[in-house]
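This report refers to the structure that appears directly beneath it.
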Amino acid sequence: MSYNTFGHLFRVTTWGESHGPAIGCVIDGCPPRIALDAADIQPWLDRRRPGQSQFTTQRQEADQVEILSGVFEGQTTGTPISLLIHNTDQRSRDYGDIATRYRPGHADVAYDMKYGIRDYRGGGRSSARETAMRVAAGAVARRVLGDGVRIRGALVQVGPHAINRDRLDWDLAATNALFCPDAEMLPVWEEYLAGIRKKGSSIGAVIEVVAEGVPAGLGAPVYGKLDSDLAMAMMSINAVKGVEIGEGFAAASLTGEENADPMRMEDGSLRFGSNHAGGVLGGISTGQPVVVRFAVKPTSSILTPVPSVTREGENVDVMTKGRHDPCVGIRAVPVGEAMMACVLADHLLRHRGQVGSL
Amino acid sequence: MSYNTFGHLFRVTTWGESHGPAIGCVIDGCPPRIALDAADIQPWLDRRRPGQSQFTTQRQEADQVEILSGVFEGQTTGTPISLLIHNTDQRSRDYGDIATRYRPGHADVAYDMKYGIRDYRGGGRSSARETAMRVAAGAVARRVLGDGVRIRGALVQVGPHAINRDRLDWDLAATNALFCPDAEMLPVWEEYLAGIRKKGSSIGAVIEVVAEGVPAGLGAPVYGKLDSDLAMAMMSINAVKGVEIGEGFAAASLTGEENADPMRMEDGSLRFGSNHAGGVLGGISTGQPVVVRFAVKPTSSILTPVPSVTREGENVDVMTKGRHDPCVGIRAVPVGEAMMACVLADHLLRHRGQVGSL
Amino acid sequence: MSYNTFGHLFRVTTWGESHGPAIGCVIDGCPPRIALDAADIQPWLDRRRPGQSQFTTQRQEADQVEILSGVFEGQTTGTPISLLIHNTDQRSRDYGDIATRYRPGHADVAYDMKYGIRDYRGGGRSSARETAMRVAAGAVARRVLGDGVRIRGALVQVGPHAINRDRLDWDLAATNALFCPDAEMLPVWEEYLAGIRKKGSSIGAVIEVVAEGVPAGLGAPVYGKLDSDLAMAMMSINAVKGVEIGEGFAAASLTGEENADPMRMEDGSLRFGSNHAGGVLGGISTGQPVVVRFAVKPTSSILTPVPSVTREGENVDVMTKGRHDPCVGIRAVPVGEAMMACVLADHLLRHRGQVGSL
Amino acid sequence: MSYNTFGHLFRVTTWGESHGPAIGCVIDGCPPRIALDAADIQPWLDRRRPGQSQFTTQRQEADQVEILSGVFEGQTTGTPISLLIHNTDQRSRDYGDIATRYRPGHADVAYDMKYGIRDYRGGGRSSARETAMRVAAGAVARRVLGDGVRIRGALVQVGPHAINRDRLDWDLAATNALFCPDAEMLPVWEEYLAGIRKKGSSIGAVIEVVAEGVPAGLGAPVYGKLDSDLAMAMMSINAVKGVEIGEGFAAASLTGEENADPMRMEDGSLRFGSNHAGGVLGGISTGQPVVVRFAVKPTSSILTPVPSVTREGENVDVMTKGRHDPCVGIRAVPVGEAMMACVLADHLLRHRGQVGSL
């Protein structure tokens, strides 16, 4: 990953600011002769689209994706695939405050420190709007992976409320706007988030993404490990502060006996008795489900004033008015799935390059 | 990062197997005219070297580093720096078991799945021995960063025993073999680890690495974020299962008000009132200390037999005899520091390239 | 360079097919706070635009460039710059022949061999239309280089007719549609090319690009040499078959005495007595003008039938009807200049990254 | 390529100075399970070794290569292959002159301009000694390509004396120290070079490298073209000033009719009637022989004094005493072959990664 590109053989470059004319991405290195049209991508974008519940930003964007290159007569050609979404909800309004007063916890001040300039409209490049293109690229990556690989995500914790894993139900997660996989937890979250929203507050969350059917052998020691690339990919999502694989931080409290994943031959195939490892050993996939979790901080856009400074170096108190997300972790679910898909597709091609057929 | 190279402008390529004739690395892109000789690198290697306490592997390696290129008359020349350490402790012995019986939780089976071949002697390429070269490269990276940047690491949790942060004492961490920064916790860990060792068991740990004096502006949105590169770097260390920045996973339980880092001008300079962010906003350093923690799993080398299989597909039970680490997290402390140094040095050069002087 | 991206710190990714809805590029890594708007780019595109004389293709494209991101209030922000040109001259027509009959000397057959599919409309991705985005990126690169670096190109040979270097006049080259720098040669070429065009034939050419004011120190041994990157850049232009630096192939016939560039101090500065080296020693710029020449083959689109085959493996004879360039080398002049600008801008940033201020 | 690494999937990083303790390279990304030991590499190094005739430098180096990693029980393991050659001929001597007086036409002054420091002993990093590691890497690349690909090089011009292509005899080129493929030209060159050597002069040359059996489909438009990567690779060799593919610069004088390569089906396979293209169309191999030529300048080490300057800025005249090559182009033949092998191996893996089996 470098600046605005990630991936090595399946390479995605994204561009665009929140309130510019459009956002887009270029996918380079996609294998040829894969069936693809805009209708394959649009449903994934629709899942991520804001404004679908009261708990995400009310910004309304149609987010209609266009394919500008790389697809001919319904198939990829092996040349770069350019995807573009026009920004339709660029309300003309006064950005005076955001231009001069740094919002605490936002990238505003950091961009100015680095570049000495920033497009402050709607957060510019640092806006979560960029993640729409990750989702679009992820839709293409899923096509590269094929139907044998199933990638699913869910919210597993909202503030202090974690799901009960015994009730984990992926089908449920796919059908509610909170991506909640626990039927009993869903109403708890809804009530909790309603309270957060009413107060103009915000709250963090934890997302889990699981990929099943991943072939063994993906990942390359020692600096192209599958799990280190996943860590990078998830940490690059806006507001993410932690990433873990398998047992993750819980492994720190386990003994070797507790953390062991026994192996046995069953019907001529290798089977693991558990998956503490999260599907990766030595940076290489083992054929077990690849399990990643990441933590999202509470958005810093809150109604409570927080001490801050202006560009000119004066002390001010800043509060965020207008539409905002009480829990940005919700919309991070489809983004995390997309990053998983992109990383796996890249590693699939890289493995095939070095080692040959899978 | 790609295969065995990490970094973009400050690029490190490592090579070598645990029981081959030598291990080494090539550091490319180092700025010229930096004072450097082997004596600048050796102390950092000595800190990582095993056999310094009863809680790390008893393998004895002098780990004497040689500089083979890139340094002339005591200064870097801007050309690649080749570092090499001869493997002196390659006891000739029978590797029969390890060659044919997969150790559960090790990379053995994954390497065979990927490559169809592996150097099984001492774990080959997947051995933690590779991390010696990270430490060597980190010593050079520290020189690039200069004295203004201070990087320190400590063990902050061993199994169920986390330090009390009110007692956190960096000076203490620098002077005990467990890198423990909490005087009251040190004897607790020693006793606990003695018990683990006696049982032939192992235990996980959490390491914290903090970099102070990091200039604001390092990191490049959106796929070259400082924190995503740190996540990748730490996750690439052997046995690491989780990485977090600042509040990390704890941020999931916080509200926006609790997680806010207020800003104020003080004596003409921007000051933050807290550092929940861990020194990074929008992927860019803010001048605050950069705070990273990572979780290390218990080593899978334990005396308790675990069900496994052979290369030929027969069920066996595998236990690990001989020298091993009861807690691999201990030696991960200098490795984590080194990866922090390498990532920061790379981003320093990348920032200077795009934006000019800091 | 990799697939559709070139450059390391100043990175350009192009996309688009000749007859798709648009072509475009993403420029990543551009320094911030550089004044830029579409009017800075458009004049360079206009120079390359076909249809300006009878000797280039009669395709008419307005080639109006739009900036979709990375520029705010007239300045670059350091985030990716997305440029787009809509394809307006996509005549609806029958592509039947080109779809099934390989044009000899075109990329048609090679794309099919590689990908098993190709967008045959107007040559698809292999069309010289892609070079418009190189010119656009080059315009931005010129801004990065600043006014101190002057890059000029000219046609120096058309078929058997080479210019007389004693008459080389850069101002003249800038003012005629053939980029001819030799007043006496200009009418010769015009008459010669008129004959070629009338016969439905085509002819090769040699282009020279010279960059003056290039700072000493650009280029990185041994695989990031300035001249090897220039060779790659020029050879990547459609139809280019040879690249040379300074004396180039003529150096094969020279003795060490003849090829020597003497050095002398003059007024406290190093001066070279000649420039056989073409401004590069050991892969690094010396402050002398950087001189590159490249040879362009005759376009394979000619009226004379040439034996070929169909996709289905039948023998046919193929001739090219309709608009075409009698000498594609003409339009390669601004493209060569653009590639020079991009390579120099990239190396400027890379040098600044590793070594610091110039 | 970047600094001291070239290739994308088959990546080679070289290091070392002419008079340091050793030179070496790391080959990353090599496929596993390829039979390899030092004896596979040594013969290629022996071909390049100096001191084999009176026309190359009399430096005597055994150039014994050691494999330090990446090979186990005679097979590659997929992990990095570290190769090392000790420098045995580092005569202790006075380097005073070369340290302070810039040799005209050498990289001396450019390295100082860039880095402000250089290892002047024997040319340091800029010495042709570095090319030994290219040859070593090329030997591994040949193994990756397999026996189906045959790569051969020859000297085709020495000063004013070009071979007669009607007499081109590859077998002959393989058996004489000048790599001369023309029996009648061999004595002419010998006599001519003897004269050059006697005068303490030097002369340029042209090398041709041809790869037969290259699968169709290698190369990736538009910035990973096979020919642009070959141009970069060859231009990165010391003293190279020009590169051409197929007809190369001669194509500038040809008409479309003359340059056309007709195609026909023969026995169910596509056959080309000629190979003006040099085996590459649109940047992609077509299955025809890949033909590259490159020009090498005369070495600047000559006995005739040339005006120069010192590090301190005083005018001096510099002549080169001691051993030197009258024609560095001779030893460039095995180096050019090696670069061809490395580029092809890299593209083979890249193609397999994106498109699958060949």
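Per-chain numbering from 1; labels A, B, C and D assigned in written order.
By definition in this document, contacts are C-beta pairs under 8 Å (C-beta built on N, C-alpha and C of every residue); 3 or more make two chains touch, one makes a residue touch a chain.
This is a predicted model, so every value here is computed, not measured.
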Interface residue identity across copies subunit A, subunit D - same or different by half: same
Pair exhibiting more inter-chain C-beta contacts, A-C or A-B: A-B
Between subunit D and subunit A, distance of the C-alpha-averaged centres to the nearest whole Å: 46
Chain centre separation (subunit A, subunit C; CA means) in Å: 39
Centroid distance [mean C-alpha coordinates] between subunit B and subunit A, Å: 26
Junction residues of subunit B, two or more chains touched: 2-5, 8, 14, 29, 32, 78-79, 114-115, 125, 221, 355
Chain contact topology (line, ring, star, complete or other): complete
Residue ranges of subunit A touching subunit C (in the complex, touch as defined): 2-5, 11, 13-17, 20-24, 26, 28-29, 32-33, 66, 68-70, 72, 75-82, 114-119, 124-125
For the subunit A and subunit D complex, residues of the former touching the latter: 8-9, 29-32, 78-79, 221, 349-350, 352-357
Footprint of subunit D on subunit C - complex, ascending: 1-6, 8, 14, 102, 104-107, 109-111, 113-115, 125-126, 130, 157, 159-160, 196, 201-206, 216-225, 227-236, 238, 241-265, 268, 270, 273, 276-278, 280-287, 295-302, 304, 306-309, 313-315, 329, 351, 355
